[in-house]
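What follows are several structures.
The same subunit A turns up in both complexes below, where it pairs with subunit B and then with subunit C.
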Partner chain A sequence: MEDILSNENSMLELQVDAATADYMESAGWWARFGAIVCGVLILLVVFVVGYLFYMGQETSMNLGLGANNLASFIWLAIALVVAFCGLMLALLVSFGLKLKRGIEQYDQEKLESAFATLKIYFIIYGIVTIIGAIGTLFSLLK
Partner chain B sequence: MEQQSLLPDLTIDSIGAQQIRGIASWAKFLSIVGFVFCGIIVIVALFAGTLIASLSPYNQMGGSGVGAMITIVYIIFAAIYFIPTLFLFQSASKLKSAISYTDQVLLNEGLGKLKAVFQFWGIMTIIILSIYALVIIFALLGAMMAG
Partner chain C sequence: MQNRNFLPDLIVSPRFKDTLSAIVLWGRIIAIINFVTIPFEFYKDIKGNEVFMGIIGAAATIIINIFLIQFSIKVKRGMIENDQEDFNNGMKNLRDYFKVVGIFIILIMLVAVITMVYAISISDNQSQYPF
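Right, the complex of A and B next:
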């Protein structure tokens, strides 16, 4: 009886067949790979920008308090951008890892957790896009 | 035949379906914003080209060439950005339909398109990193030759 009920349920539910698992694993692999490579790229850019900025700061040490405030502001902006990118990339890596483990270990919870992580990634991306669009609109209207 | 085999105990149950529906909604929103962004880039490309071409200092030095160059670069950028946006839109549409109609084929197609989105950005990042590496190598070679 239980088997019949289970079979009826699976008829109404989407299954993770070999093709689905393959697409999921590939998506997870590319998400992890892209996030790691992107992380390296961001670190490289931050290192180069930070180095150039530091050198510029060294040569204009006696520009006064205003210059120091500007420097602090730029460092803060860089730190915020890096923190945000780091969070987004960490979410992508987490999505990829959970998806991989979920499929390898046939773990339903990890699979759902992977989808939840990807949803959070898209939500944050969407909210930042909305804030960016509103900011751009306001700056254009001014 | 092997493609149809089911993995034990793994299904897209109601919780999974809810998560996928959420992913699809936000992905669709982001892809629509992406399409608008592509449109804006194309418009800016057309106007920037005309604007720079009409500026007198540039006009005397072949400003129309610079304008055309900017237009082409912007349009190429828009075309590159359009590809993953289209994949994301297709993925969102297929995943949403798959959940609504409990369609296995659409689910697989949607996940395939999602894979294509991540694949595209992964390859693009490698290309950008390679360009960075080439620039650094050429800069070092230039510095060595100058020194």
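Right, the complex of A and C next:
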């Protein structure tokens, strides 16, 4: 009886079939890949900005134009942006890894956990998008 | 080698559906906001004499967000109507969304590396000959 009921339930539920699993696994792979490449890109940008900033600071010190407050502010802003990007990229990598393990091991918990991670990523991304859109509108009103 | 034609233990449970519903909702919000802000961003780029960058940015935003909104629509429809095909197509759109984002990131990285090499070479020249 229980078997019949569970079969009826599974007929009513959407399945993660072979095609869905392939699409999900591929999505996870691309999410991880994009996150890692983006991480490398951010590190490169920080390195170059730091290098150029160091060179510029050396020149301004030679000219007697010390700007320590501005430098601290810029470094703080860069650190905040890098920390935020790091969080977003970590969420994407975590999504990709959990999804891969969930599908390979047929583990429902890991699969759901992967999409829960993606949910957090989309919520944060959505809030940032809303803030960015408001910023764009305000910048046009000026 | 695992048999991928039948994955007996993986289903879209009610809890999984709740998570997917939230993803679908936020995906739709993100896509709509991005579509709405395209003209404003483009106008800003034109004002800043960056028409080429504006066109590329608008095209990239449209392509990426088409996949995101299609993912939202199809997965939502699949969950409401219990339609496996719509659900699968939605997941295919999620894959395409991440794939396109990944390809754009690679392109941005290539441009960034070229720009950085150029910037460093200029900076080195200036530090060698400051005046």
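The rule is short, and it goes like this: the second predicted complex is superposed on the first by the 137 of 142 C-alpha atoms of A that agree within 3 Å, B and C clash if a C-alpha of one lies under 4 Å from a C-alpha of the other, contacts with A are read in each partner's own complex, and residues count from 1 in each chain.
Assume a residue touches a chain if its C-beta (ideal position, glycine included) is under 8 Å from a C-beta of that chain, and two chains touch if they have at least 3 such contacts.
No experiment lies behind these values; they were computed from the predicted model shown.
Undergrad: Specify the outcome, clash or fit, for subunit B and subunit C once both structures are aligned onto subunit A.
TA: clash
Undergrad: Just to be sure I read the superposition right, which of the two partners does A:E112 touch: subunit B = first, subunit C = second, or both, or neither?
TA: both
Undergrad: Between subunit C and subunit B, which one touches more residues of subunit A when both complexes sit on the common chain A?
TA: Comparing subunit B with subunit C, the partner touching more subunit A residues is C.
Undergrad: Just checking: does A:Y125 make contact with subunit B only, subunit C only, both, or neither of them? Give me first, second, both or neither.
TA: both
Undergrad: Scan A:L14 for contacts with subunit B and subunit C and give back first, second, both or neither.
TA: Both partners, subunit B and subunit C.
Undergrad: One more residue to check, A:L99. First (subunit B), second (subunit C), both or neither?
TA: In the superposition, A:L99 touches no partner, neither subunit B nor subunit C.
Undergrad: Taking the superposition on A as described, I'd like to know which of subunit B and subunit C A:C85 touches: first, second, both or neither.
TA: A:C85 contacts neither subunit B nor subunit C.
Undergrad: In the superposed view, which residues of subunit A touch subunit B and also subunit C?
TA: Subunit A residues touching both partners: 10, 12-21, 23-24, 26-27, 30-31, 33-34, 37-38, 40-41, 44, 102-103, 106, 108, 111-112, 115-116, 118-119, 122-123, 125-126, 129, 133.
Undergrad: Of all residues in subunit B, which touch subunit A in the complex?
TA: 2-13, 15-17, 19-20, 22-23, 26-27, 29-30, 33, 98-99, 102-104, 107-108, 111-112, 114-115, 118-119, 121-122, 125-126, 128-129, 132
Undergrad: Using the touch rule from the top, collect the residues of subunit A that touch subunit B in their complex.
TA: 10, 12-21, 23-24, 26-27, 30-31, 33-34, 37-38, 40-41, 44, 102-103, 106, 108, 111-112, 115-116, 118-119, 122-123, 125-126, 129, 133
Undergrad: Could you please specify the touching residues of subunit A with respect to subunit C in the complex?
TA: Residues 10, 12-24, 26-27, 30-31, 33-34, 37-38, 40-41, 44-45, 48, 51-52, 55, 58-59, 62, 102-104, 106-108, 111-112, 115-116, 118-119, 122-123, 125-126, 129-130, 132-133, 136-137, 139-140 of subunit A touch subunit C in their complex.
Undergrad: Could you list, by residue number, the parts of subunit C that touch subunit A in their complex?
TA: Touching subunit A from subunit C are residues 2, 4-13, 15-16, 19-20, 22-23, 26-27, 29-30, 33-34, 36-37, 40-41, 43-44, 78-79, 82, 84, 87-88, 91-92, 94-95, 97-99, 101-102, 105-106, 108-109, 112-113, 116, 119-120, 123, 126-127, 130.
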